[in-house]
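Pasting the structures here.
Heads up, the next two complexes both have chain A, just with different partners, chain B and then chain C.
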Partner chain A sequence: MSVKIEVIAGGVPHDKIMIAGLVSTLVCIYLTYLNAFTNTEVFSFFGGLAVVAALIWGSHTIKVLCSYGIGTGVPSAGMIAFGSGVIAMLLATKFGMLAPIVAVVLAAVIGLILGYVSNNILNMKIPAMVQALTEMAVVGALTVMGFAAMITGGFTFTGLTTSTASFLGFPITSYANSFLGGGLIAVAFLLGAIAIQHPFNACLGPGWKQDRMLMLTAECGFLSMIVAAVMSFALISAGSALISLLVAIIGWAYTYSQFFEMSKRDAAAWLDSKPIPDTEGQ
Partner chain B sequence: MEHIVFGIGITALTGALATVAGSAEDTESNIGSQGDPNSQVQLAPQMGFLHRIFNKAVAGEPPAYGLWCALGAGLAWAFMAMQVNAILAIVLGCILAVFVQGVYATTAYLGRTASLAKFGQPVYVDIIKSMTTVTMAHAFIAIFCTVALCQLINGALGHPFPLPLLALIWGVALGAAGSATGNPYYGKERQYQNQKFGAGVPISASGNIVRYAEAGERNSIDNGFFTHKIGGSASGVCFGLIVFLELWRTILFERIYAGWGAIAVGVLMILIFTVIDRYIEVWARKNYGPYTVAKEADA
Partner chain C sequence: MSAVAAKPTAGGAVNPAAMAVGVVMLIIILGLTYTISPGMGVMALIGIVIGGVMIGFGTHFVPVGGAPAAMGQAPGIATGVAMLAAGAGLAGLFGGAWAAELGIVVAVVTGGIGGGLMMAITCMMVNFVYVFGMGIPAASGKVLHDPITGDSQAEYKSQGTEGHGLPFVSFVGGVIGGILAGAGGTLIYIELLGLYEATFPTLMSATPAQVLPVAVSVAGMFAVALFLVNAVLTAYNITGTIEGPHDPKFKRWPRAIVASAVASALCGFVAILIVAI
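Then we have the complex of A and B:
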């Protein structure tokens, strides 16, 4: 039985973050469906916003789970979130418009099974494990779906596996030039997996502050969105990709500068080219 | 025959690229104190040893390099899909991937150090400015070489996997090679030069890393300079051998028994390396191990 070594002192309670994260992620993913209604791709950037919302929720879940003394397990928590989530996400894309809801349900089931296996069969006996693994599988599934919606403009299986290019003036269907066929899902997987674990991994310690960590999560999300927007130039129209890129750059610049401010606020001292202070406890 | 000669040429080229990548990767991670030396750098201020060492723990090296390489390859793939020339596409992709790596490095250092405020560890702005750029430069070499070798495997050798997936696999392998081969040299030797050679890290010495240099205070560029000589080269040879031997056995033996020939040679190579490793380990323990009674003490 692990002992909880840290408490969440102050800040927004986890349940509130979870509900807000789930609702805003689903709303943002569904907003990309406006692409299908309006027959454009300009709403793809909502996929990136869904990624940011899901990551904020997920990084706080990692904080809750890893408070039970799983120090070196922080990066692996990100990996298992996406490993379990990507299965649910791929299967769910076969359900058309219902895909995000199906992804949530399927991922929750997979996470629940993994949590049960970890706690009862591998005997880890960590109180938050079952709920945290369930939440992280859902976050993983929704994040990869958000990336998919942002890069391809939709979240249906056909949209992820095919693309149309024109060859000598004739439109041809290509399977290799798609989100799945081109292996971009591997990039989305790792972009999310590193972004979800980095904030807590980077901010852990006695001086952990919730607002600083969550600001860093938003920064990681927008940073991932920048590169995803660059990749989306290959699969959606240049104008739509440009909108995603602009939204991402503005969001990233704001959150990055805010994170610098918060680190300055929390740091013991902010020195430039100064020696090690004399106040050592040697 | 022509096919095999061409394949061996590409294999040699990928092996050379991998050697450069491994060497640059290890130096980059040592300058950033990534991997297992990180825990001691993180622990030092808590034990009262404030320092000026860069500490960018993004993740373990394998997942981190999995991301940088997959990202570089994904962006290169996207540029190639936009009809950009392959070499230019790889360079552009790697530049953007290195930008992401640099941003992650700064936030990792800031986050960790700010959370250690209780122990008086200050944030050094000059460290962020000088070390981040050096790690970015090394990371660029490592990522570029890895993505280029993946492009060779995919384009010239006709591997069926798409470029980003290949880069993910080889990126994880690159991080693992650097982490397993080069890191002990930094984490066990460089950080603990003040301890007896081969003594490990006793609990009483935890966090007491070497913080002062020959002149002035040590920073992470000194560590990169020191470890590149042996740790970096060893990582380069390690990753170069992995890539070279893997492709060599595939090219030469894959036509024997419909691919089973290559698998049999792979198993044989693992057995040969196990024997060599065991021999070196026993030899090193006998000659350098601290656990034998010193001869002078007998007299």
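Then we have the complex of A and C:
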């Protein structure tokens, strides 16, 4: 029934990207757990790196899925990824230190069932559908969890719903001033959802190159990380948030310049036009 | 993938075996919910499933045109289902959320009005742009006469297109879809908010006033997530574009009802698990 419209060979195979993405995301999320061991918040920036790793994997999954003519536009794939992912992520945070693993398993189950629903009940009959929706739910869950770890310094339900504020010198527990209570999760949700769907949407076509698209994904990921780092000033110490911000800005500047180079490389002709010469006053 | 190249891929056929599996999955999830949280959890899940089905069914009414509509080659609003759902449906959800404390009926009606109003404004401005900006009349490509006004369509349709603009029946369909989707989204939010407001204080050992922000945020996030899942599944059902209730693709709605019910029950079950374990 479905016809694969564009087949683009070459580049790193998808399975390799998937395994590398899953492992590096989990490792980075668990590295934020060093916060709990060392009783600091300086390792929060690893959450942002987990986001970038997960997004790179996710945008390649979207490429695999959307190469078939699903007809609904690329953004819809990003939306369903995060819609199913955030549900799994919120339940997984209840499991304490096991949260990232539980998130992966739970999101995979949800994605598998959604894949079955769209492929069989809705009769999409796209070979990559089940696997792609499974992967994307996992990516969505891990991305939101990475943002949570970066903004709050942890990924447990208690850490996401409470924060300690000082009122007249007395420490009080605040529920409104937290990742969930303050609604920061909605921002994290859309930061990730836009970053995951944009790269393939922007790079698709006959001139698609894998490295260029993945570099754009990393650039979008670091751009989202800058915003998340700014938000993290509210919940973690200023020094730790500053580290996150610096890592994000350096990563963004590097990936953006690399993406610019690759765009010039793949352009049919590149003319570096100079500004209009200032002839006045001569 | 350009929407022009990716026209209908999936057919309109119903897969009876998969539909049966879907219904069985729905019953299993309802049974699981009954075992972990009889009473409150089951009531919330039933509300969530009804809300999800309303979103899925309502999205069929919305005239989604996609990229061809942006070029004036197909009727409908020139964007994808995910964007329309996020714009129009969430407007209804937010509207209903404001009225949450006035009771479920008022809130759901408010949500429906919010979604319908947003779609009415969107449809009107879209036709303004089509008629006065692009200079094209509204004409359906799927029917010869508008089912509501009886106006003839064929004379106004340009050759080589599937119609263009937003005929009256599409406008009405958009408003109906907005009302259904907005009300469904609000119903999901209200059910989850009631559940969380009742269970979070003991779960987090805090006063109801303290956990209210968390309950609102988590319920809202789940409502948004369920909304997007249902809207995208419906988008898959209609393969991206539909003209409105007069479109032949509209007849595929039974599949979407089952799909939305299963997906909503699954996601709702996970949402209830947060307070049940």
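Just so we're on the same page, the second predicted complex is superposed on the first by the 268 of 282 C-alpha atoms of A that agree within 3 Å, B and C clash if a C-alpha of one lies under 4 Å from a C-alpha of the other, contacts with A are read in each partner's own complex, and residues count from 1 in each chain.
What we mean here is this: a residue touches a chain if its C-beta (ideal position, glycine included) is under 8 Å from a C-beta of that chain, and two chains touch if they have at least 3 such contacts.
Bear in mind that the values here come from a model prediction, so they are computed numbers and not experimental data.
Visitor: May I ask you to decide whether A:Val117 touches chain B, chain C, both, or neither, giving the answer as first, second, both or neither?
Guide: The second partner, chain C, only.
Visitor: Scan A:Pro75 for contacts with chain B and chain C and give back first, second, both or neither.
Guide: both
Visitor: Does chain B (first) or chain C (second) touch A:Ala186, or do both, or does neither?
Guide: Both partners, chain B and chain C.
Visitor: Is A:Val27 in contact with chain B, with chain C, with both, or with neither (first, second, both, neither)?
Guide: In the superposition, A:Val27 contacts neither chain B nor chain C.
Visitor: Taking the superposition on A as described, I'd like to know which of chain B and chain C A:Gly83 touches: first, second, both or neither.
Guide: second
Visitor: Both chain B and chain C contact which residues of chain A?
Guide: Overlap of chain B and chain C footprints on chain A: residues 75, 79, 176, 181-183, 186, 204.
Visitor: Where on chain B is chain A touching in the complex?
Guide: 42, 48-52, 57-60, 63-64, 66-67, 70-71, 73-75, 77-79, 81-82, 96-97, 100, 103-104, 107-108, 110-126, 161-166, 168, 211, 217
Visitor: Over in the complex, which chain C residues touch chain A? Could you list them?
Guide: So the residues of chain C in touch with chain A come to 1, 3, 5-11, 13-15, 17-19, 21-22, 25, 66-67, 80-83, 86, 204, 206, 210-211, 213-214, 217-218, 220-222, 224-229, 231-233, 235-237, 239-241, 255-256, 258-259, 262-263, 266-267, 270-271, 273-274, 277.
Visitor: Under the stated contact criterion, what part of chain A meets chain B in this complex?
Guide: 75, 78-79, 176-177, 181-184, 186-187, 190-191, 193-194, 197-199, 201-209, 212-213, 216, 219-220, 223-224, 227, 230-235, 256, 259-260, 262-264, 266-277, 279-282
Visitor: In the complex, go through chain A and note every residue touching chain C.
Guide: 1-3, 5-6, 66-77, 79-80, 82-84, 86-88, 90-91, 94, 106, 110, 113-114, 116-118, 120-126, 158, 161-162, 173, 175-176, 178, 180-183, 185-186, 189, 204
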